[in-house]
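Two complexes, one shared chain (subunit A), two partners (subunit B, subunit C).
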Partner chain A sequence: MAATEDREAPAPRARGGALAALTQAALALPILAIAARAGAAQVGEVGIAVLGYKERGLIKVTEPVIWANAQIAEVWEVQASAAIDIITGASPQLVTNLSGKPVQAVTGASINDRRNTGDLHVTRHFGDFALSGSYTESNEEDYHSRAYGVEGRWDLDHKLTTIAAGYGRSNDRVGSSIDQTLNAPRHTDEYMLGVTRILTPLSLVQSTVAIARGRGWYNDPYKLTLTFYPDQILPILLADRRPDHRDTLSWLTRYRRHFPGANATLQADYRYYRDDWGIRAHTLEVAWQQDLGDRWSVRPALRYYTQSAADFYSPTIPRPQPEIVSSDQRLAAFGGLSPSLRLTYRFAGGTVIEGTAGYVHDARSLRFGGGGSEAYTTLRAVFGLVSVSRPF
Partner chain B sequence: MSLHRFAFRAMAAVNEVQVHAADRGAAAAMAAPAIAEVRRIEEKYSRYRPESVVSRINAQAGGAPVAIDEETAGLLDFADACWRQSAGLFDATSGVLRRAWRFEPGSAVPSREALEALLPRIGWQRVERTREAVRLPLAGMELDFGGFGKEYAVDRAALALREAGAESALVNLAGDLAILGPQPDGTPWNVGIRHPRVENVAIATLPVASGAIATSGDYERYLEVDGVRHCHVLDPRTGRSARGFRSVTVHAQTCIVAGSASTIAMLMGRDAGLEWLDGLAVAHFCVLEDGAIIDRFPATVS
Partner chain C sequence: MIRAIAGAVLVAGACCACTPVAPYQRGYLARPDMALAPDTGTAKALEKTYSAKEAASGGASVGGGGCGCN
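What follows is the complex of A and B.
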């Protein structure tokens, strides 16, 4: 049996961390569930993050994301964030069967876009009830979005159960750098209902159902299909044509379980998605957050995704030509695996630095049960995220 | 709804559970499991009970490891966090100093030799422990849960009340207490802080809506010789009493955190202790050695 590692009494920790350290140690004990909030002596947080994403020929950098939240007079919470995305590189736009088999072609046209986005979230607490309002704005050359939402949360049963219900509305305008005349609206109404239940002092489950009803322009002005027919000299080039509505349902269930003996938390999420375009998707993500001492945490995660194709997905234009058809491979049947690793370091003063690196591999062969779309081009991408946050 | 109070003896003190309930029967049904939980913890961890885990560990000092369960391992982890956060001042093996100290009128202050003879038996860093077992490496070493054992019982009793359906209740174990929710009319509970020099008089009344309060003081067990008060909060480095505070009261979300924070502040002494409490950003109320009051409690704490 080993004695406590440090033979000498350690130098006193920086003071801000002491409460967190004692609270952390108390959290491992089977005492009050309210201890889960005990570390929050802080009243606010500021943070900055840089995200990078790279797939063959396409680089997307989000720089920077800045966020801040603050609690005011104990009953108000304000949260705001801003981000700028810069996307550069070539975009696959055309699906053609020129070679005999439909494949996705990179047209050589390059994208250079910049997206500015910001949001504001305000919450007012009334005892066991909290009401939030939010506003999000996103602008880029060919896309503008304004969304607002309201959400209510009730703590029941001594905060062992929390019920949340919300409504959101998003008003978007879709344009195109190719077709300057395009300026089409899209409206989405979203309804959300969720329940969080603390099962034991060490585990909780959360389940949220969201239904969205969208109307308006869904065609992607950058997606084209070029189909050659053996009995026809001239090929047909067709723009993306999708329904003018989309109703979706997504159901997300998350489970968290802390293992005090191992200083670790299991995080398991399952998401079911369906829409009236015929897409059914399942996402399963399992992560293990392991604390290594007071300062370091490591979180390996693996996500699996699988979806069926939209009813109108086709890599070639069928004959007779249907009203709606799209060769966009995001509407195809495929599956994907995405491993990632996150490292966290906590400074004594409360500042947290986090770095995440991940890999995305989407392929038709990864579809659950097989049956992935033949024309799906395997996608491999890497992403990285670095963030710094500090409480105040 | 009305307030029902249940006094009970445990841990060598008179303690109390208060519950707001429709009638006394309903209140008793909620208070009973909380009181039972306090008694369970006393039996399990009291060093006065030979069959307790702590007594068995102490009896095996210098001998074989003693098997412990998950709850005990968690409490020892907590003791370890206290030791680290206090730079070694909070030491769960310092109870051995009680062999030299007699906190009774007429007793003498132990000699330097008597204390120095005990210091080699103190040293949390030498305690050998895993999740499953613990061993004190030297015969004569002692473990005790002072500073967090009773406080843990407060938190466990509060949890028992909550699980029994209490929405507005208070557990008070000899001045260390936890509060479950504000009173039914929405007002906070008024917690009286004992005057460190005048028994049965409150020096302050603090409004508390939730969380826990713990007090360390020089008035519980002490020895006064030539006008100098020697209290039972002992510095593991010298074996002598902590100086600088008459009492330190801390509010935190759990009593175990409040209790360890108040004890560590006592051990640090006035200036370092006050600075440390400030850094913790917890509400606190202190009576200094000279009687001056440092009141850093907001209008209501929750």
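What follows is the complex of A and C.
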């Protein structure tokens, strides 16, 4: 078996010296750092990107992002990024059955929001062990978040296996631009355990379980439900009411397989998600990165998402009126397909330019196995992402 | 939760019986397109975009913080 694998996957042939350099770079690196420092002699990278996202008839998001990472004195790694979300347009705030059946309505109020976010990630290597610390801050007019995390990684079995464990804490404050008195806390503790394994000279897999325990304010101050009853003259208008806790579990598995003969790499990610609100979700993304010569590559990808509804989701207000109920369609049962295409060009000096175009189509009919929520309003959106990165 | 953790360990652990891969055979694994986590900045931007419209999020790391995405 070993001999067979060796024949299938010989050491990479030198192609302009690049792959030989990759091999040299890979020799001493732990699994998780291999691809991140593929540039061999490089000690860092800076990058800038702009994301554009537009929903049909609803919101528009423009997000410039800048990031940098560097290796310092061989044992330190520092990563940092900053982004600004500029959000404009209209967001659905009301679900009403005025027309007979419940539909999402866009009120006159339009969104004009801005989110500033930044993070810092520092790693110290101690032989086969690495310890990381991170801090993230995000500020909007009506939402503030401070989060930190610590993570340990151990390379085992001649760096064929890496075990990772982490803890994170997020302290958030929820506000509202329509209710200046709202200033409620939300705290989340996160725990993560993961395993990464090199399978063959051409493939590796990573599987990570993360659980989060959240406490605090989860109501969305912008979501309302207006329900008319046939036997009642006046309708009932109700604000969004959710539980004051949320425990989640995310199980993410990633697989990478390179095909030297085709100069291509298969990238497959699958995530299972569940929480104590009754939501079960599956996300599968498969991409094929195809090199077209030494400079160009193209990456078609398809992402599929499906979820069940939260136990307390209802597009109308039931009678008797429950303690908690939300008509937010993000808590409904639906599915989504998102194809995308990325084009990459690598300059001789190492600078990389990438352009990605994608489409998002969420609909109740796309839920796996059927049973999507009747009131779910189909979402169609397009996004584009352009980035430039340069090693140093 | 226990089942999920056991499953994650099984997914990677079951592969322990796979071929030993010597350090000099890891050149292809160093390719950028073999990275398990894509570029820091762009990946976060896209992930936030999806999670603003879906109930599920997370899984890859801890300490990412929240947002009031509408």
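Heads up, the rule we're going with is that the second predicted complex is superposed on the first by the 347 of 392 C-alpha atoms of A that agree within 3 Å, B and C clash if a C-alpha of one lies under 4 Å from a C-alpha of the other, contacts with A are read in each partner's own complex, and residues count from 1 in each chain.
Convention: a contact is a pair of C-beta atoms (placed from the backbone, for glycine too) under 8 Å apart; a residue touches a chain by one contact, two chains touch by 3 or more.
These numbers come from a predicted model, not from an experiment.
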- Query: With the two structures laid over each other on chain A, which partner does A:G261 touch: subunit B (first), subunit C (second), both, or neither?
  - Reply: first
In this superposition, the partner of subunit A with more touched residues, subunit B or subunit C, is C
Of the partners subunit B and subunit C, which touch A:I198 in the superposed model: first, second, both, neither? second
Next item on the list: Tell me which partner A:Y143 touches in the superposition: subunit B (first), subunit C (second), both or neither.
Entry: second
Going through subunit A, the residues touched by subunit B and also by subunit C turn out to be 1-2, 6, 9, 11-12, 19, 22-23, 25-26, 28-29, 31-32, 34-35, 37-38, 158, 201, 260
Interface with subunit B, subunit A side, in the complex: residues 1-4, 6-16, 18-19, 21-26, 28-35, 37-38, 41-42, 74, 158, 201, 260-261
Contacts from subunit B onto subunit A in the complex sit at residues 65, 70-71, 73-75, 77-78, 80-88, 124-131, 133, 135, 137, 152, 155-156, 158-159, 162, 167, 178, 180-181, 210-211, 252-254, 256-257, 260-261, 275-276, 278-282, 302
Counting only contacts in the complex, subunit C reaches subunit A at residues 1, 4-5, 7-9, 11-13, 15-16, 18-21, 23-37, 39-42, 44-46, 48-50, 53-68, 70
